[in-house]
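I am attaching a structure below and will ask some questions about it afterwards.
By written order: A, B and C. Residues from 1 in each chain.
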């Protein structure tokens, strides 16, 4: 297991380096640059040149990259071109926000999705199955941003029971923070629960038809025990899906963040690209990729724990 | 950020002139400081602004929103009144120009302190102006290009030496170039001044959360502190128009600026809210590429498109556009339809502007007379996601009726800007944040080599007129030259000016004393909550 | 174990099996409803635009009109017929959903199978690249593509396909990895079957369950994705009528003309629901393990 972890960590570093190069080149391929974005109506050549010099953009890109990596290794991710705030500070402000949303949304997703999936698989073809499957389908079929807009309309504007948008730090005022999280988390969480419900239903159904369950059934093992065995094995699929979804949640919360005006990671990302805020884009990618790598490692370890067969083959998944 | 594309209010990447009547003048502030709102805001006003102001370093700042935020903590030598006249702010009097027009003397207020307690005097002003002139990357150098040097005459008198007579100087000092920074803070922070800026102002810096909010608290050092009622002001960045309106309605903010005209009927019907509006100094228009072949800063050439080579076709295009219907359909009739780049309040406007009339029949004739094969293809570049698409679709359908096939090409904003600068466009739906002084709406935009001359206009006659107008000092004389300038501009027809925006400021009924002058920048110096 | 059945059945048997599958499918009312919804959606996309009239014709005299005999679903903010725009919008949604998923599957499945079958360094290399792709914030792709290519349908399809690619690769590879250890595959390997044969005749058919589940999430997901990208201004651009664009505009007029938001929203939900129901039905029928 130790060797497995070491190998995984090493390959994670490779992913990080690749990711940082891809983004470094990618953003420089976009039309326009930070200077153009910053200078605005004052975009005469002297101003543009000065800004480029200030951010080292007049250097050839390999030098820029080496410089960036050297600085990043010392914990310096540069200065945001838009507001001159250190990128590390911006990231430190934004990451907890999105992590909180993602965590709560996953919680909602698991709490609703997995039990619903299990119930509907166990009671396949019964009323409960139809209800759960039907709701799952509706959850998948309704565009989230639409749900968010309707939510604002109903709860904030008409009923005035929840704030329309905005964010209060968890440390600042926990109650208010949670109150403001209710709508975005529900909007994200319901979509997620629909996905989880479907995947866990499907995985459990597959497992229930596997030979070992049939054998167990033939041997007279109680239904409940059959399900317990099958459930444990189907968790592999659910974990994978969750891992996939989490990566998506972190950057994909953007529409929700946009609607509810939450200063999270997704919003930071879009704004940074639109403003050609190179240092922030690079920081965002670095953090997202690292976050993903860590989650992935955890998923893989869970995987190996849940499915001993993979552990035996040393499954480098 | 960037060039103004505040088409609709959605883009809100605006910058317009920081002009103002001295807030509080003629306005009675009601209620004591601690009589805060029912929203429990404790005397701190929460203001939703439409985009990130970017850097708040006065020398480097570029955005409209930065101008909005500056009014709370950073005063200028001059300010502009509601009728767009220059009035003193930190200066004690209007600038006095020598007979040859090359020396300008400015008297300063005495007894003024910066928010860190540093005394405000002529040498502090010189430090700031010198920084505007020389700091690398300064966005003020072009605005102050006519300034040769700055001298301290005595603690309350400043002398500015000019390279050439330059009437718009007062207007420039009523904008960001007139922002004065604390020399103590400058010494301490240097290039990082924008991280915790210190100026003279009713409120003082209390911190910023990147991309989210900027906080200010009441200043104890402010010379006019008796007029300041609020304990503080917090600007919240809410870029989505609907979200801004929704936040206002739900009471999460007390004030919201740049509201969408389509939300106005609903907001006005809300008994908890008040909506104020102004005709902004910004304009929107269509820039037609007539000579930008190699990019801005390079010599102009000939553009081989029907619209690019034939002014008569540009005229036909303009005649196809029914500005009133456009305004009605897209903006609920809110904007001020116009065919000139000068603000409606400007004293330099001709009395009766001779606009090209909406005349589709005549337009059709011109199209036929041009000998071009119809429908004539025209690419119209617009900034994507800015709300410009609705206007573009209306233009498309109007132009189609006289024989133009308009293809709308939405581009993400910076890409659009890059394409426009490189000359890779036919026509571009873009605006200008507008300037109080007419020179700021002509020079650099349609003059040879201008850094915002997307169309690639290069006309010696127009250049000369623009230079003469900026040098003339008497208003009447300048106005007369501008009449000729606008006439020449119409003949060239590189730009089709469409309208000036109407801007809306919404606030809760508990809020009082917010000034909202013609520049569209709300001021909170004398604002308060009613008990 | 019936896993071999589908792939190795002789052609003659397959015909009768097809009939059996069809019968099984038709016995499921939900699946049939899904099929009907999808068929209606496809029909609307193909035929609708031919009969619906001009989706771009503006009538300033009839803006935000409620549904009437003249305008079946009313008009929008520029006085355009909403029904015509819905019909044309169906094309955009269908294209965005199907094309992006198809692109992701065509590219992703062989890669995933290869990684799962060969394992070793190839698998490692593919999965690291896949990790980069998966870890990379999708939005940066979407915004970046929009910046380079201009916001358009092509850009949407490409962005959505890229977004789906890692999932397709991972799921296919995960399935292949597990199947590779099954007796029937080891048997075929021992018999000297070529890798390509094993991948496409043994591994692929047996991965269909997971792939169909993935696709049933992906197509409707892409339809919603198109709407979301348009909502952010990165998607299909006006005047092209897309449901996402319609919703975005409708948002401004929610108070005055809620029908503008209701119809496209409903269409998205119905089309999505159709694909989801159809996918569920197909899986139940195609996957012998669920019986």
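Note that a residue touches a chain if its C-beta (ideal position, glycine included) is under 8 Å from a C-beta of that chain, and two chains touch if they have at least 3 such contacts.
Note that the coordinates shown come from a computational prediction; the quantities given were computed from them, not determined experimentally.
Novice: Which chains does chain A share as contact partners with chain C?
Specialist: B
Novice: Which pair, A-B or B-C, has more C-beta contacts?
Specialist: A-B
Novice: Using the mean of all protein Cα atoms as the middle point, what chain has its own Cα mean nearest that point?
Specialist: Located nearest the centre of all protein C-alpha atoms is chain A.
Novice: When the C-alpha atoms of chain A and chain C are each averaged to a single point, how far apart are the two points in Å?
Specialist: Centre-to-centre distance between chain A and chain C: 21 Å.
Novice: Compute the distance, rounded to whole Å, between the mean C-alpha positions of chain A and chain B.
Specialist: Here the centre of chain B sits 39 Å away from the centre of chain A.
Novice: Would you kindly tell me how far, in whole Å, the mean C-alpha position of chain C lies from that of chain B?
Specialist: 46
Novice: Two-or-more-chain contact residues of chain C, please, as numbers and ranges.
Specialist: Those would be 143, 147-148, 232, 251.
Novice: Mind pulling the residue numbers of chain B that touch at least two other chains?
Specialist: Within chain B, residues 242, 412, 414-415 contact more than one other chain.
Novice: Which parts of chain A, given as residue numbers and ranges, touch two or more other chains?
Specialist: Touching at least two other chains: 30-32, 149, 258, 274.
Novice: Which positions of chain B touch chain A when the two form their complex?
Specialist: Contact set of chain B toward chain A: 1-4, 13, 15, 52-57, 62-63, 136-139, 141-143, 192, 194-195, 208-212, 236, 238-240, 242-243, 246-247, 249-253, 297, 412-415, 417-419, 421, 432-433, 451-452.
Novice: Inside the complex, what are the residues of chain A that reach chain B?
Specialist: Its residues touching chain B are 30-32, 36-47, 50-51, 53-54, 80, 82-85, 89-90, 93-94, 149, 152, 156-157, 160, 163-167, 258-261, 263, 267-268, 271, 274-276.
Novice: For the complex, give me every residue of chain A touching chain C.
Specialist: Touching chain C from chain A are residues 11, 14-15, 18-19, 22-23, 26-27, 29-32, 130, 133, 137-138, 140-146, 149, 153, 195, 198-199, 202, 205-206, 209-211, 237, 240, 244, 247-248, 250-252, 254-255, 258, 266, 269-270, 273-274, 281, 284-285, 288-289, 291-293, 296, 309-310, 313, 315-317.
Novice: Can you list the residues on chain C that touch chain B in the complex?
Specialist: It is residues 56-58, 60, 63, 77-79, 143, 146-148, 150-151, 232-234, 237-239, 249, 251-253, 255-256 of chain C that touch chain B.
Novice: For the complex, which residues does chain B have touching chain C?
Specialist: These residues of chain B touch chain C: 241-242, 260, 262-263, 265-266, 325, 328-329, 384-386, 389-390, 392-394, 396-397, 408-412, 414-415.
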